[in-house]
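Each chain gets a letter, A, B, C, D, E and F, in the order it is written, and its residues are counted from 1.
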Amino acid sequence: MSTPVHDENSELYQRGMEEICKQLGPMADAYIQNIKSLSPEFAWVNVTFPFAELYTRNVLDLKTRELCTVAALTVQGFSIPELKLHIRAALRCGASREEVVEVITQMIAYCGFPAATNALLTAKSIFEDLDGEGTPQKPPAK
Amino acid sequence: MSTPVHDENSELYQRGMEEICKQLGPMADAYIQNIKSLSPEFAWVNVTFPFAELYTRNVLDLKTRELCTVAALTVQGFSIPELKLHIRAALRCGASREEVVEVITQMIAYCGFPAATNALLTAKSIFEDLDGEGTPQKPPAK
Amino acid sequence: MSTPVHDENSELYQRGMEEICKQLGPMADAYIQNIKSLSPEFAWVNVTFPFAELYTRNVLDLKTRELCTVAALTVQGFSIPELKLHIRAALRCGASREEVVEVITQMIAYCGFPAATNALLTAKSIFEDLDGEGTPQKPPAK
Amino acid sequence: MSTPVHDENSELYQRGMEEICKQLGPMADAYIQNIKSLSPEFAWVNVTFPFAELYTRNVLDLKTRELCTVAALTVQGFSIPELKLHIRAALRCGASREEVVEVITQMIAYCGFPAATNALLTAKSIFEDLDGEGTPQKPPAK
Amino acid sequence: MSTPVHDENSELYQRGMEEICKQLGPMADAYIQNIKSLSPEFAWVNVTFPFAELYTRNVLDLKTRELCTVAALTVQGFSIPELKLHIRAALRCGASREEVVEVITQMIAYCGFPAATNALLTAKSIFEDLDGEGTPQKPPAK
Amino acid sequence: MSTPVHDENSELYQRGMEEICKQLGPMADAYIQNIKSLSPEFAWVNVTFPFAELYTRNVLDLKTRELCTVAALTVQGFSIPELKLHIRAALRCGASREEVVEVITQMIAYCGFPAATNALLTAKSIFEDLDGEGTPQKPPAK
């Protein structure tokens, strides 16, 4: 059986890239290009599956989705680089810093202090980076 | 140093029990008594720490908190008994079944299919139990 | 943005279902229908993403892929239902029972005895089921 | 290169079996035979590596070792069958039920409530089994 | 319902801070202040729950508790920053370096080599730091 | 009972060291010496158990074993240092870079994107190191 053909001009791929940009902001393109330079398949799946398929469904608003993702990455403990992306994404989608910290704090009950502390200090470094960048995080235009 | 004294009539403990009942409903008392029969310390911490301390804070609404907890327990993969409690809790706090399933589906991207499928089938069994019980899940009175 | 439209007659979905059947055998259809009854989105992603996208690529043969998946599910420790599917799939794709057991044994070094023992006893129960079913596992026709 | 030869009469294997019996008691033999029936290699490594190599070293007493193992299996969350063995082993090596419960309770801080509650309820079922068996657990003779 | 009031002069909080200082030594205060600067709630729970509630109970001696915590953090694999704190704490509470290394070595059997090697190299770096600091680690005064 | 005696001239140890060298190449000796400087027991077990016992068995070829190990370390998420060793080992044992990347990509389905992305970027850094070292990776002589 032949390997599937991937068309970056397809509605599916375009929908995924649009969604990534909404969440990750200006860094979205470089993020995908970096992955694509090693594995076009990985990049294709990354764009089309979580972003085009999952995040575009109307059942949950983006802010709630991102807080759930922050919760998930917090309890995993090792997902620090991805957590950084999604803390920024949560802020871009309308969550306040206080809400992000609250979700991480709640997770103490489900993963204990080591993983939650890792996540809290990650949030702290992101907030400091944002203050340094002087970029007020606003929710994306609908 | 002496072991801390625990007063079940304290404001802290009462606040925690009230919060557990709001989330877990009629099963809350039996749940805590079961734990307490083996370890009063474990039960005390269970009541006072996540429920009295964390869930009563006003920063996030209960529905969002419960969806975040469902996300966290889904990615852990092994937390099936606790996941059952919190799927019921999410429904009691105003989440729809569709929203619970959506959070679990979103988690495929963060934990892969094995853990997400475990969670989806757990949700299915809870929904079937609820249908059997004939108990329409309503959000708790504020 | 509207939710993506899913066409089960599409080449992508058909390719995924064909691949699932090759790996899981007669149980494939019931497996997907069970998931679909609760969440059509979950089922769609399950068919199209790992099976249509990943397993059909020619870079690795199916037997090697399945042994890698057995390794992965062994170290996770909690993925017992999925491990059962993939031990059967590995045998269907040409791996011997001895090779499946060898991969699990090798994993002791990477996940310790608790997770590896869980996997070994899971393999044992699958082998006993297969002996009971009287179904000699043959590699699928190319 | 040829596969290593394993001699069950060797000092190493005998030392390991003696140590397993000290910890697991009468069930030790059946436990190893069950594993050996599927994979002699797995059984050999299980006997010679943790038991002959690690547990026989004099640096730590057996009770402390078993409490550390209970702690480790508690935080893993999915290691319930192995946890059952080691709760019994801890009691056989001189730990009290209260001490076992205390270690599990302490672990709430490092793995959160889901994994700790799984372990607590596992301990409870072991204690009930022991009461039913009418076997007062004594420390092994030195 | 209003958010709980936290009184840092309370017996509970003072007990927790005293216990943290006993375990972590001079770095205790900076550790808690760093967390508190981002989330006073997280810091309050960190002081009052594991330290005031759990570690002050007389059922287990502090050295055994710390070795259990080292075991738990070793198998988690990702808890390197917390592991550093607790290796130092174990030494302060009377464990020898040899005993800390022994617990980590024992954990190979429960988590495999990757997590155990991470922990061993973490212990090595702590021991080198301590040698550089010229601070002989003594058990705390009772 | 006395602690086991370890003889580095034994057939077992020599077999293990030979296997490590075959897999890890020139860095093998320094790797083991580093561990041995802190814990001779840990180093002994590391050489004799996975390498002398497991990897020398003829049931699976080394390339398949290494791809399974890459799969396992990918899904664990936190095993980055060990993953680096085994990506190099896989290449030394005859796997192509494309095959290593394919295994990691397949793992998205079993561990989600955070762990798989960590592994992909780790592979990328290894490939860049190898290009910088100018060492064409060849399969070891049989």
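Operating definition for what follows: a contact is a pair of C-beta atoms (placed from the backbone, for glycine too) under 8 Å apart; a residue touches a chain by one contact, two chains touch by 3 or more.
Which chain is which protein? Per UniProt: A, B, C, D, E, F = 4-carboxymuconolactone decarboxylase.
Computed from a prediction, not measured in an experiment: that's the story for all the values here.
Taking the definition of touch as given, a chain qualifies here only if it contacts chain C and chain D alike; those chains are A, B, E, F.
Centroid distances built from C-alpha atoms place C farthest away from chain E. Chain centres were defined as the mean of their Cα atoms; on that basis the chain farthest from chain D turns out to be A.
Here the spacing of chain A and chain B, counted between their Cα centres, is 25 Å.
Spacing of chain B relative to chain E, judged by their CA centroids, is 28 angstrom. Our note on geometry: chain A versus chain D, Cα centroid distance of 41 Å, whole angstroms. Mean C-alpha position of chain B lies 32 Å from that of chain D.
Those residues of chain A in touch with two or more other chains are numbered 41, 45, 49-50, 54, 57, 73, 75-79, 82, 102, 105, 107-111, 113-114.
In terms of inter-chain touching, the protein chains here all touch one another pairwise. Those residues of chain C that touch chain A in the complex are listed here as 1-4, 12, 15, 18-19, 41, 44-45, 49, 52-54, 56-58. The residues of chain C lying in touch with chain E in their complex are 75, 107-114. Every residue of chain B that touches chain C in the complex is listed here, in rising order: 76-78, 101-102, 104-105, 108, 113-118, 120-121, 123-124, 127.
Residues 34-35, 37-39, 41-42, 45-46, 50, 73, 76-79, 81-83 of chain F are the ones touching chain E in the complex. The touching residues of chain C, when paired with chain F in their complex, are 49-50, 54-55, 57, 59-60, 64-65, 67-76, 79, 82, 98-99, 102-103, 105-111.
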